[in-house]
Structure formats: C-alpha cells, structure tokens
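Listed after this line are the structures, all set down as structure tokens.
Across the two complexes that follow, chain A remains constant while its partner is chain B and subsequently chain C.
Moving on, here comes the complex of A and B:
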C-alpha cells in the first residue's frame, strides 16, 4: 500500500508521531500498511478510493491513553479521527473524512462501567456495542431494556453522539443520554452536567447541571472525544405486544401520516414507530432478481405480486404496545379504530405472521431492545453491497410526506434506482430515511448514485428539508444547506472549533466543520 | 439467530487455547460470537441470504461449507467482500481470527 500522509505533515514528523503513539499504546495497537484495509469505507460512493483513506490507526485502551495521544497529535500536528465501534456504515464506517487523518480507534475501550437497575441507566465507554451491553444486562439479570438501532454491532455511545434512533419508547438516543466525560482537543479532561460536581450522585440522573448545557456540543462535532457516557435504560414493562398495520395504496401515505401525528404526539403510539415502504419490507426476505431481471422501476403488476406473496402493504407501520395488558388493550383500540379509517388497512399481531423470517418477527425483537443485524438483509435486494442513507427531516404531516416521497421516488426512478425507505417517527418530526442501493464494484453506477445524491440534497434544501446525518463525502454539501443568515451557524461552529482546537488536530471536516488550518478556500 | 456467548467466557477460552488447527471449540465460540449473527442458518441472517442467492442453498451456511481455506477466510474478514464489511484488528485480533479461520477450514471435519 502506498503510504499516505496527513496534509501539511511531512514524513519525518509523521514517523515521530507514530513512534509517540506506540509509546502510549504499545506496538501492536498502532496500525499501518495492510492493516489499514480494514479501516476503509467498504461502501464508499465516490470514485476516488483514497478520498477517505487513513494514514494510520491507533487504538488506546484508556482515557489516559487518549489524552496522551491527543497531546502527541498536537505536538506533531497530526489530525485524529475518533471512531467508537467503527460500524457507522453507510455513513463512512471507520474511515476519516479527510484523507491522511489517523483513525483514533476507541473499540478497545469497551467497559460497561456501571448499570443501575433501580435508576435505569448505564455508564459506558465508546467501544461498548449494543450486543455487549445487552449481554451484560442479561448476564446480570437486570430487568432493563436497551433501545437499539438496527445494527446491533454499533456503539451505544457513538450512535447517540450521531443522533441515531431506535424503536422503543426510548428511541431518541441522544434524548436519553445523560452525562459525559470528554477529552478536549488540548488533552484536558472534563465532565459535563452533574459530573462536574465532585462527589455527586446524580451524573447519570440530571442532564443539565449548572450553567450552559454542553453535551450537545460534543455530538456530530469535532470539539472533543467522549470517553464515558450515560444512557438511560427502560424498565422492563409488564407487557409487550408488537403489531403491524399495512396499507394498500401509495397515496394512503398522506392519510396514514395525518392519522399518526396526534397518536404519536399524544403518546397513544408509545414507541418510535416506523412506516416502511413496500420494497424495504420485501427486501428483508427476497431479492430483486426473484421478481425481475429488467432494469428500471418495477411495474405495478410486480409490486402487487410482491404484496400478495409476502402479505405486506405498499406502506407498513411497525409499532408496539408496552405496559399492563389493560393499558395495551385500550391503546390498541384507539390505534386500530384510527387507522381503520384508511380503506384496505390490515392489522396484524405476531401470531398472524407465521411466514419464516417475516419482518414483524424481527421487528418484535428490535422494538423490545434485542440487538440484531438482520436488517442488513435489505442490502441484498439488488446486490453489490453499496448503500447510503439519504435522510431529510419532515413534519409529521401527510401532505409533506407525500411531497418528499414523490420527489425522491421520481428522482430515484429517473436515475435507475429502486425506492426503499422508512419514515421514523419522532416526537414532532419524521426522518425520511431513504436507502440508495448501488453496486460498489461498478464505477458507472456509483457515479450515478453520487450524482443523484447531490441532486437530492440540493432539491430537498430548496424545498426546505435538511438531512439529519450523512456520509463523509457529503458533509460539506449538507452543512452548506444550513446556511441561514450568511452561514451564521457555521461561523459560530468555526469560532468554537478554533478556540478549542487551535492546532486543528481533531476530526477535520466532521459535519463540514474545518479547523482554520485546513479551511483554505472553504467557507 | 444463535446467541452470542458471554464475552468473559470467550476470553477465558481464548486465553486457554492456542491457535492450532485442532482448536475447534474456541473457533466455534468465536464464530458464534462474531459471525453467526449474519452467517448462521435460517432467515434473518443477511450473509446467509446473500450466499444462498450467489452460491445456492447448499453453500449458503459457512459452517456447512467444505471449500473454505484459512487464508481466504482471513482475507475476507480483514478486507471485506462486496456486501460484507471488513473487521479491524481492534475488533478481532489476529489470534482470534486465525481460530475462526481454522474452525471454518478444518475444525469441523
């Protein structure tokens, strides 16, 4: 492999930095050469294979080692890209935004530091995956549930810091975060909220402490490296009943969303429910080639065939009831009666879905916090592995859902891609998560996917929609769409960045925030 | 889905074993821990689903394959293969990877 260097760092300084890192963590935990192949973004959408190539990786085992590495990085001017479990696939995995950055791989910091069954929280290090925390809770016999995203191998901390979502009533992961320990870009260690009070007993119980609320500054940012984080856990409810509701027509989406909003805002729908498109559901158990070998949008006859074979709808709600049976019964009555107004709506519980591998049987685990990886089956739909999420935020309003749906679907069909999506329902908004699948081995298809993605970002922004999260390659594009008042928000972020990280060593380019050192012509 | 074994038990097991070709129990435990969630038999396993389409149902489940070599397994784990993402040495160290590879290549025969 050709050695790549961080921009602005010569070979001698880089070698000295690596030597300093080795002194901190030991030789086996500084990775160079062939070992860096495992740090590449496997699903990169851009043509340049080196666009996000790391120059090295270093894997500390403790907060003290992180501090020592950060100090050495400042000394030699070497940029670091922290990853927790490195499983942020479709957004870049373990690869850095800027080629030549050293990956600070926190996977070895994988301790569950504390779980309080009575207060319902855990304190974890960055390398703790959902699988790890789930196993820990099961082994201890705690009556607590996690909230998990679809990829169970992801980091509990990393997902919350990236504003990820799950599917229980605790689905807003950053909303359930409480208390952090952070290594600042100068190596100093701080604790947020109540953690700043020596001898406190409420670090994981009260978010805000005294003074400005700082935790948000360390999410989707490059202002610090979080080494400990509290996360609230849901007490095991006395009852649990997952359900599915299917709808038969594309245009039903508008009515479904309008019915859903008051139910969600009023907490009749208790969890972070999802509305899933036909092909996203179908792709969990079938592949495109089972239905056609023709390119282009699937004809209506094929869509109807898929619906009939899998007994699914054009749109499908996956939700769950939690609580004592009488409470669940009452909530279900309201939910069922509300959606029964949609002609052709069908209602299912687990006992109604006997087909092997049926998605409700899988969602039934995810919506009760059992981590899985089964959701990855959807990338098999068209083969080739490549996938990237386009995730504009929408009001929970039927007309806007239809507008986003038709806008994105038409463009995807125009560029030769199938439309697979879900609407993840938050407290006042929906993430419209569209999965763009492409063959990572085919440069022409990748180019088409990249062109489409950039167009979608632009068109969504023109319509007032912004993405909540994105792949490394599009961080600048999307940051630029948040440009109200001559990019006042980015100017504020840059001011904070330059104050905290004057040497520009921490995650250059993360979320479009570049340190002065690498800002150059970027604004 | 096969359940993942306790990490503590796993590490103890790994510590007690060396990476010899006959190291099937540790290799099996490691496979169950890291790989089975995608590559076990049955629905809901993305890797098995993909291999069933590419290579047919008789070659879909890794633990039932008889054509896997250690070098090939190691390369796929470290570098990924189309749908499968790579695994970093901070996640699976070389000794553990070797045990998985030995198990898939030789351990079940």
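Moving on, here comes the complex of A and C:
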C-alpha cells in the first residue's frame, strides 16, 4: 500500500510520532500497511480511493494512554481521528475526514464501568457496543432495557455523540446521555456536569451541573475525546406490544403525519415510531431482481405486486406500546381510532405477521432494545452494497413530509435510483432518512450517486431543510448550508476550535470544522 | 450433494449462467488457498435463490448447509469468542452481500480474519471467512 502522510508532516517526523505512539500502547496496537484496510470507508462514494485514507491507527487501552497519545500528536503535529467502534458505515465508518490522519481507535476501551439498576443508568467507555452492553445487562439480570439503533454493532457512546436515534421511549440518545469525561486537545482531562464536583454522587443523574452546559460541545465535534459517558437506561416495563399500521396510497403520507404529530407530542405514541416507505420494507425481505430486471422507477403494477406479496403498504408505521396492559389497551384504542380515519389503513400485532423474516418481527426486538443487524438486509435490494444516508430534518407536518418525499423521490428517479426511506418521528421534528443505494464496485453509478447527493443537499437547503448528520465526503457541503448571518455559527465553532486545539491535531474537518492550520482557503 | 463438486448436470438444470459458473470455479480455487481447517466449517445458502443451495454445496469442505436470508443477526453465535475458542473456523456460503459483510465486520472486532468473496450475479456472492483467535496480547 502507498504510504500516505498527514499534510505538512514529513516522513521522518511521522516515523518519530509512530514510535512515540508505540511507546505508549505497545507495538501490536499501532497499525500500518495492510492493517489499515479495517479503517477504510467500505462504501466510499467518491472516485478518489485515498480521499479518506488513514496514515496509521493507534489503539489505546486507557484514558491515560489517550492523554499520552494526544500529547505526542501535539509534539509532532500529527492529526488524530477518534473512533469508538467505527461501524457508522453509511457515514464513513472508521475512516478519517482528511487523508493522512491517524485513526485513534478506542475499541480496546470497552469496559462497562457501572450499571445502576435502581437509578437506571450505565457508565461506559467508547468501545462498548450495543451488543456488549446488552450482553452485560442480560448476564447480570438487571431489569433494564437499553435503546438500540438499527445495527447493534455500533458504540453506545459514539451513537449518542453523533446524535443517533433508537426506537424505545428512550430513543433520543444524546437526550439520554448524562455526564462525560473528556480528554481535551491539549491532553487535559475534564469531567462535565456533576462530575466536576469531587465526591459527587449524581454524575449520571443530573445533566446540567453548574454553569454552562458543556456536553453538547463534544458531540458531532472535534473539541475533545470522550472517554467515559453516562447513558440512561429504561426500566423494564410491565408490558410491551409492538404494532404495525399500513397505508395503501402514496398520498396517505400527508394525513398520516398530521394524525401522528399530536399523538407523539401528547405522548400517546410513546416511542420513536417510524414511517417506512414501501421499498425500504420490501428490501428487508427481497431483492429488486426478484421483481424486475428493468432499470428505472418501478411501475405501479410492480409496486402493487410487492404490497400484495409482502402484505405491506405504500407507507408503514412501526411502533410499540409500553406499560401495564390496561394502559396499553387505552393507548391502542386512541391510536387505532385515529389512524382508522385513513381509508384502507390496516392494523397488525406480532401474531398477525407470520411470514418468515417479516419486518415487524425484527422491529419487535429493536423496539425493546435487543440489538440486531437486520437492518443491513436492505443493502441487498439493488446489489452492490453501497449506501449513504441523506437525512434532512423537517417539522412533523403532512405537507412538509409530502414536499420532502416528492422532491427527493423525483430526483432519485431522475438519477436512476429507487426511493427507500423512513421518517423517524421525534418530539417536535422528524428525520427523513433516505437510503441512497449504489453499487460500490461501479464507478459510474458512484459518480451519479455523488452528484445526486450534492444536488439534494443544495435543494433541501434552498427549501429550508438541513441534514442532521452526514457522510465524511459531504461534511463541508452541509456545514456550508448552516450559513445564517454570514456563517456566524461556523465562525464561532472555528473560534472554539482554535482556542482548544491551536495545533489542529484533533479530527480536522469533522462536521466541516477545520483548524486554522488546515483552513487555508476554506471559510 | 453437499460436500461434493457440483456436477455438470446440476449446473445445466440450475439455470445458472456460464459467467456465474466461471466465477464460482475461480472462487473455489481461491478458497482452496485458505488454510486447511475443514474440521470446523459452516456453509450457508439463501433459500430465496434456489441456485444458491446448489452452488454453496459445491464450496470446498461444504457438508451440512444452513439457510439464511438477508439478515445475519442469527448467525452471530458462530463468531462469538466462546464459539471460536482456540480453534480456527471457516464460515462460507453463497448468499446476498449483507450476510458476509456483517459477519466479517463483527468477526474483525474479536478475531483475526481472512475474507474472500466473489460476486456471482446481481444478488449472490460466494464467500469465505476464515476466523482465528486473536493473539493473547489483545
């Protein structure tokens, strides 16, 4: 493999830096050459294979080792890209934003430091995956549920720091985060919230402590390396009942979203319910070629055939009820009666869905916090495995949902892609998560996907929609759309960046935030 | 006939393309380059695609075949630390892409991994994942 160096660092200084890292972690935990394949973006969408190539990786086992590595990085001017489990594949995996950055792989820091069953929280290190924490809770017999995102191999901490979501009532992961320990870019160690009070007993119980709330600064940012984090866990409810509601027509989306908003805001719908498009549901069980070998948008006749064969709708709500049975019965009556106003709505519980691999059987586990990998089935839909998420945010309004849907669907069809998406319903907004599937082995299709993505970002911004998260290759594009008042927010972020990280060693370019050292012509 | 080479008659009656056969034969040769660890091999096919069973049965060392559709969640028990123990193990199959991708990514977390795959058509991949216990230093 061709050796890639960090910008502005010569081979001798880089070799000295790696030697310093080896002194900290030991030879087996500094990776170069072929070992770096694990840190490549498996779904890279850009033509340049080296656009996000790491120069090396280093895997510390403790906070003290992280501090020592950060100090060495400052000494040699070597940039670091921290990753926890590195499984955020639709957004770049473990690969760094800037070619030549050294990946700081926190996978060995994988201890569940504490679980309080009574208070309902866990304190974890970055390398603890959802599978790990779930296994720990099961092994100990705690009556607690965790909240998991779709693939369970990701980091509990990493997902919360990236503003990820899950599907129980605790689905807002950063909202459920409480207390951090952070290594700053100069190597200093801080604890946030109540953790700053020596001898405190409430670090994982009260988020805000005293003074400015700092935790948000360390999410989707490059201002520090979080080495411990508290996460709230849901007490096991006395009852649980997952459900699915299907709707038969495209245009039903508007009415469905308008019905859903007051139910969600009023907490009749308790969890982070999702509305899934026909093809996203279908792709969990089938591939495109099982229905057609023709390119281009699927005709209505094919869509109807898929709906009939899989007994699914053009739109499909997956939700769940939690609590004592009488409470669930009451909530369900309200939910059913509300959506029954949509002509053709169909209602299902688990016992109604007997087809092998049915999505409700999979969602039934996810919505009760059992980690799985089922969601990855959709990458089989069109063949080639590549996918990235386009995720604009909108109000929970039917007209907005239809506007986003038609805007994105039409562009996807124009560029030769199928529309697969879900609307994840939050407290006051919804994420429209669109899965752009492409054949990662076909350069022409990748180029089309990249062109489409950049166009979608621009058109969404022009309509007032911003993405909440994105792939490495589009961080600058999306940061630029948050440009109110001559990019005042980015200027503030850069000011903080330069104050905390004057040598620019921590995650250059993360979320479009570049340190002065690499800013160059960038604004 | 699991474990045996695929016969000409099977291929002719399966409807599989010549390109697919050629790709699989290349893959089988590559699979032969993996370490001889035939004592612990698990072989998978996708029941949604009948040809996958025939082709999976022709992979080197295939004996009992296990069905799996697109979701690899159920197969994770094959790659836990307890399952691997001190032994090397090979998982292989002819399935859609999500299955080997998820298994490879999960296995890399805890084990040494050698992975090979060959695309057979739009949907199916022949693949082999050889897993060894990671050195104790980890």
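Note that the second predicted complex is superposed on the first by the 523 of 523 C-alpha atoms of A that agree within 3 Å, B and C clash if a C-alpha of one lies under 4 Å from a C-alpha of the other, contacts with A are read in each partner's own complex, and residues count from 1 in each chain.
One rule holds for everything that comes next: contacts are C-beta pairs under 8 Å (C-beta built on N, C-alpha and C of every residue); 3 or more make two chains touch, one makes a residue touch a chain.
Just so you know, these numbers come straight off a predicted model, no measurement behind them.
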Could you check whether chain B and chain C clash or fit when both are placed on chain A? clash
Go through the superposed model and pick first if A:357 touches only chain B, second if only chain C, both, or neither. both
In the overlaid three-chain picture, which partner chain does A:168 touch, first (chain B) or second (chain C), both, or neither? neither
If you count the residues of chain A that each partner touches, which comes out higher, chain B or chain C? B
Return first, second, both or neither, reflecting whether A:285 touches chain B, chain C, both chains, or no partner chain. both
Does the superposition put A:26 against chain B (first), chain C (second), both, or neither? second
Under the stated touch criterion, which partner chain does A:139 make contact with: chain B (first), chain C (second), both, or neither? first
Classify the contacts of A:374 with the two partner chains as first (chain B alone), second (chain C alone), both, or neither. both
Is A:494 contacted by the first partner chain B, the second partner chain C, both or neither? neither
In chain A, both chain B and chain C touch residues 38, 42, 85, 87, 107-108, 131, 153, 285, 287, 289, 356-357, 362, 372-374, 376-377, 379-380, 383-385, 441
Touching residues on chain B, where the partner in the complex is chain A: 1, 4, 6-7, 37-38, 42-46, 49-50, 53, 78-80, 82-91
What residues on chain C touch chain A, complex-wise? 48, 69-73, 76, 96-98, 101-102, 105-106, 108-109, 119, 122-123, 135, 137-138
Residues of chain A that touch chain C when the two form their complex: 26, 28, 38, 42, 85, 87, 107-108, 129, 131, 153, 284-287, 289-290, 356-357, 362, 372-374, 376-380, 383-385, 441
Per the touch rule above, chain A residues touching chain B in the complex are 29, 31, 34-35, 37-40, 42-43, 57, 59, 85-87, 89, 93-94, 105, 107-108, 131-132, 135, 139, 152-153, 285, 287, 289, 356-357, 361-362, 372-374, 376-377, 379-380, 383-385, 440-441
